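Each chain carries a letter (A, B, C and D) given by its place in the written order, and its residues are counted from 1.
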Amino acid sequence: MTAPDSTIIARRIARELKDGNVVNLGIGMPTLVSNFVPENVHITIQAENGIVGIGPIPEEGKEHRDLINAGGGFITETPGCVYTDTALSFAIIRGGHLDMTVLGALQVDREGSIANWIIPGKFVPGMGGAMDLCAGAGKVVAALKHVDKKGNSKILKKCTLPLTAYRKLNLIVTDMAFIEVTDEGLVLREIAEWTTLEEVVKCTEANLIIPDTIGSFS
Amino acid sequence: MPIQEIIDAKTAAGLVRRGDRIMLPSFLTVGSAPNLIDALVETGTGDLHIICIATDFADRGIGKLVTNKQVRSTQTSHIGTNPSTQEQYTSGDLEIEFIPQGTLIERIRAAGSGLGGILTPVGIGTDIEKGKEIQEVDGERYFLEKPIFADFTFIRAHKADKFGNLIYSKTARNANPVMAMAAKITIAEVDEIVEPGELDPEHIITPGIFVNYLVLHKE
Amino acid sequence: MTAPDSTIIARRIARELKDGNVVNLGIGMPTLVSNFVPENVHITIQAENGIVGIGPIPEEGKEHRDLINAGGGFITETPGCVYTDTALSFAIIRGGHLDMTVLGALQVDREGSIANWIIPGKFVPGMGGAMDLCAGAGKVVAALKHVDKKGNSKILKKCTLPLTAYRKLNLIVTDMAFIEVTDEGLVLREIAEWTTLEEVVKCTEANLIIPDTIGSFS
Amino acid sequence: MPIQEIIDAKTAAGLVRRGDRIMLPSFLTVGSAPNLIDALVETGTGDLHIICIATDFADRGIGKLVTNKQVRSTQTSHIGTNPSTQEQYTSGDLEIEFIPQGTLIERIRAAGSGLGGILTPVGIGTDIEKGKEIQEVDGERYFLEKPIFADFTFIRAHKADKFGNLIYSKTARNANPVMAMAAKITIAEVDEIVEPGELDPEHIITPGIFVNYLVLHKE
């Protein structure tokens, strides 16, 4: 089978959401998670620029210049949403009031560390709110392609790029695998339907703990 | 956001266990949650640690819990209006950590905000230095003050929507918004509960994500 | 002449107010300062329980149960007043955003220290917001009777009661004298009309610096 | 409260001196003060230190100052949307202290709130530990972060009353309320100026006591 588009990652992460969860979804792929929230699950989406309760993207022409998410995209209000200043926004984030955050990643590793804010000498965007999110959210989920364009694994023994957070990840979800980060190491919980255990192991630089039962997702 | 469970004051007070730490926002009873406090007095649950600006009056507000001997210890800035607290403190039945009011609220905010502590100059050079950790930064001396957490906060708000978003009334706001953030369980006693969207999102002071239960205030 | 009532203190302090000042007035005598604000001087009164812009005492029957000052007395709103939570209230106080605070005192001393929160073994009310006010306000003014009921000076070489603040006073205003606290010591700036330099010196345990020109107030 | 002086953007920008430290609330231009920034670009005043969440875009918001080479250094959390900042950083013409966004706002809040600093766990174990002061409290490691002050803050608010009390618009609130507290001179660019009392005292976010001048925004 050929690799699916990257919404497979968003779809799988969305299944982790529980009714009532308050979540922060990073820029890019993580934002897509909100499109796949299961029926009967109501979540609240927070953004670090100061809103609790983000609604869908507005219809064309209905954008409000003062209403954006942390990626700069126009959003809408949900009934019951709240505006906050940046201090309260990061009090929410750092203070443990989010159930989950989903972040894109350049690399993750077997210790549960994540790198996504800098490629020294090449691209130096800055950490924005990513370090705060990793430090404070109840569950920290990395969403990334399993391998880079050259086929190299992004699930490493040890990140080579400067870290965004040291040992803060709870889950790593890729287009190939659903991996839990435990004190013992990375546990392979599920394999994407389109690939195989053999492929996943081959594409993962970090050691994987392989339990007797492994699920699948698509 | 989840629709908040609406419970009665008795059920709410029944959640509190002997020895629990409770934040009670109130400024000389203004901004205190009277139904919740009365219900907690009713339970008689003892050995409590309360965190408050002041212990109010012997027969009103937070003071009722003191007078009813349910309080083992308190972190507070003022007990001058409550002879009951004064007596129990003098007799040794009640432990008190006196904390300057601004330092108290910052320690609570630190807990709710995921900070490991704050440095404050308030009280440097006075007796409250005794036994305190002092830190020098750029030649100035500061207290290193640690976060204060609680098991419960009893909020008094004016209106809530069903998600638990809160607005307050005048100076009854005081410590409520900050204490709402620093407890495992935050219970809000409110005058009215409206539909989500009825409160203007620009006017909401406390986001419902800090709130766990709503109690409808009865006069 | 006999001693005037203690409004003489409030009246003299009120003359220190400048148009646009933001002030916090302590419980008791300091509260009276607001009754004597000079014409054409508009001040904003802040209270630590969370209001910027206190108005006069309400008419009987017009009290609002949720609208009090830091002493628990009913107050009114002024047009343009603002409610704040306790954290912002003390950010204002400690952050240097008040031009002046006026506090009652049990003792003050030549170093500019003030004691007003505890009489060990007798009365232990707690410091409330007094330590914060002393630490942060632009000008810290102690308002007190010059001597206690037994005639003992309250303006000491060194406070004997536990301090509320160490070396934070700028002014000491009593029913007998208007004293500036300087690095050199206490400078006697004015004497109340009803008394004399000799009396003031006699009633002051701390050394006073006596300049060539001393004003008077009433 | 004093009636605030209403000045034009040019006069406001003219107050800034070469080398000054300026806080510029903005989140990808939302919540930035466009007239004030344009006027400051017009002055050409250089050697500035700017404190901001991000440097916006090369041709919009804060980025205009960078592109115009008026900025010597910045404390910020993100420059990824502004190639102009990236270039000047790479060439060594612009100094940058990268600070996690939540830490940045707390350091500014500490300045405005009279705190000597805060302890934060954010970034522990990463490269930002280099050269930083680390403090251990109860076995946990934290950064000891110092306050960040400024000479000026350029606020963008929706409405002001004549006392300078401010309300904001949606996510344009962001860092404005906190940065308003931490500068010697705070100048607010607003859509509308109303009489004192026209804004509900429960809804005002920034008390006018933090504000020094008002500028009426022109499209």
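We take it that contacts are C-beta pairs under 8 Å (C-beta built on N, C-alpha and C of every residue); 3 or more make two chains touch, one makes a residue touch a chain.
This is a predicted model, so every value here is computed, not measured.
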Notebook entry, point to check: What is the minimum number of touch steps required to go from chain B to chain D?
Noted result: 1
Item checked: Cα-centroid distance, chain B relative to chain C, in whole angstrom -> 29
Margin query: Could you work out how far the Cα centre of chain C sits from that of chain D, in whole Å?
Written below: 35
Next item on the list: Would you give the residues of chain C that are in contact with at least 2 other chains, written as numbers and ranges?
Entry: 51, 77, 83-84, 90, 93-94, 135-136
Checklist line | Junction residues of chain B - those touching two or more other chains | finding: 106, 109, 113-115, 120-121, 168-170, 201-202
Next item on the list: Could you please write down every pair of chains that are in touch?
Entry: A-B, A-D, B-C, B-D, C-D
Checklist line | Contact set on chain B toward chain A in their complex | finding: 1-2, 109, 111-115, 161-163, 165, 181, 195-197, 199, 201-202, 204, 207-210
Notebook entry, point to check: Hey, which residues of chain D end up touching chain B in the complex?
Noted result: 106, 110, 113-121, 135, 137-138, 140, 142, 144, 146, 167-170, 200-203
Next item on the list: Report the residues of chain A in contact with chain D in the complex, numbered from low to high.
Entry: 47-51, 64-68, 70, 72, 77, 83-87, 89-90, 93-94, 113, 123-132, 135-136, 162-167
Notebook entry, point to check: Given the complex with chain B, which residues does chain A contribute to the contact?
Noted result: 19-20, 22, 42, 44, 46, 52-53, 77-84, 88, 90-97, 135-136
Notebook entry, point to check: What does chain D use to touch chain A in their complex?
Noted result: 27-28, 30-31, 53-54, 76-81, 86, 89-90, 96, 98, 100-103, 105-106, 109, 120-128, 168-178, 205
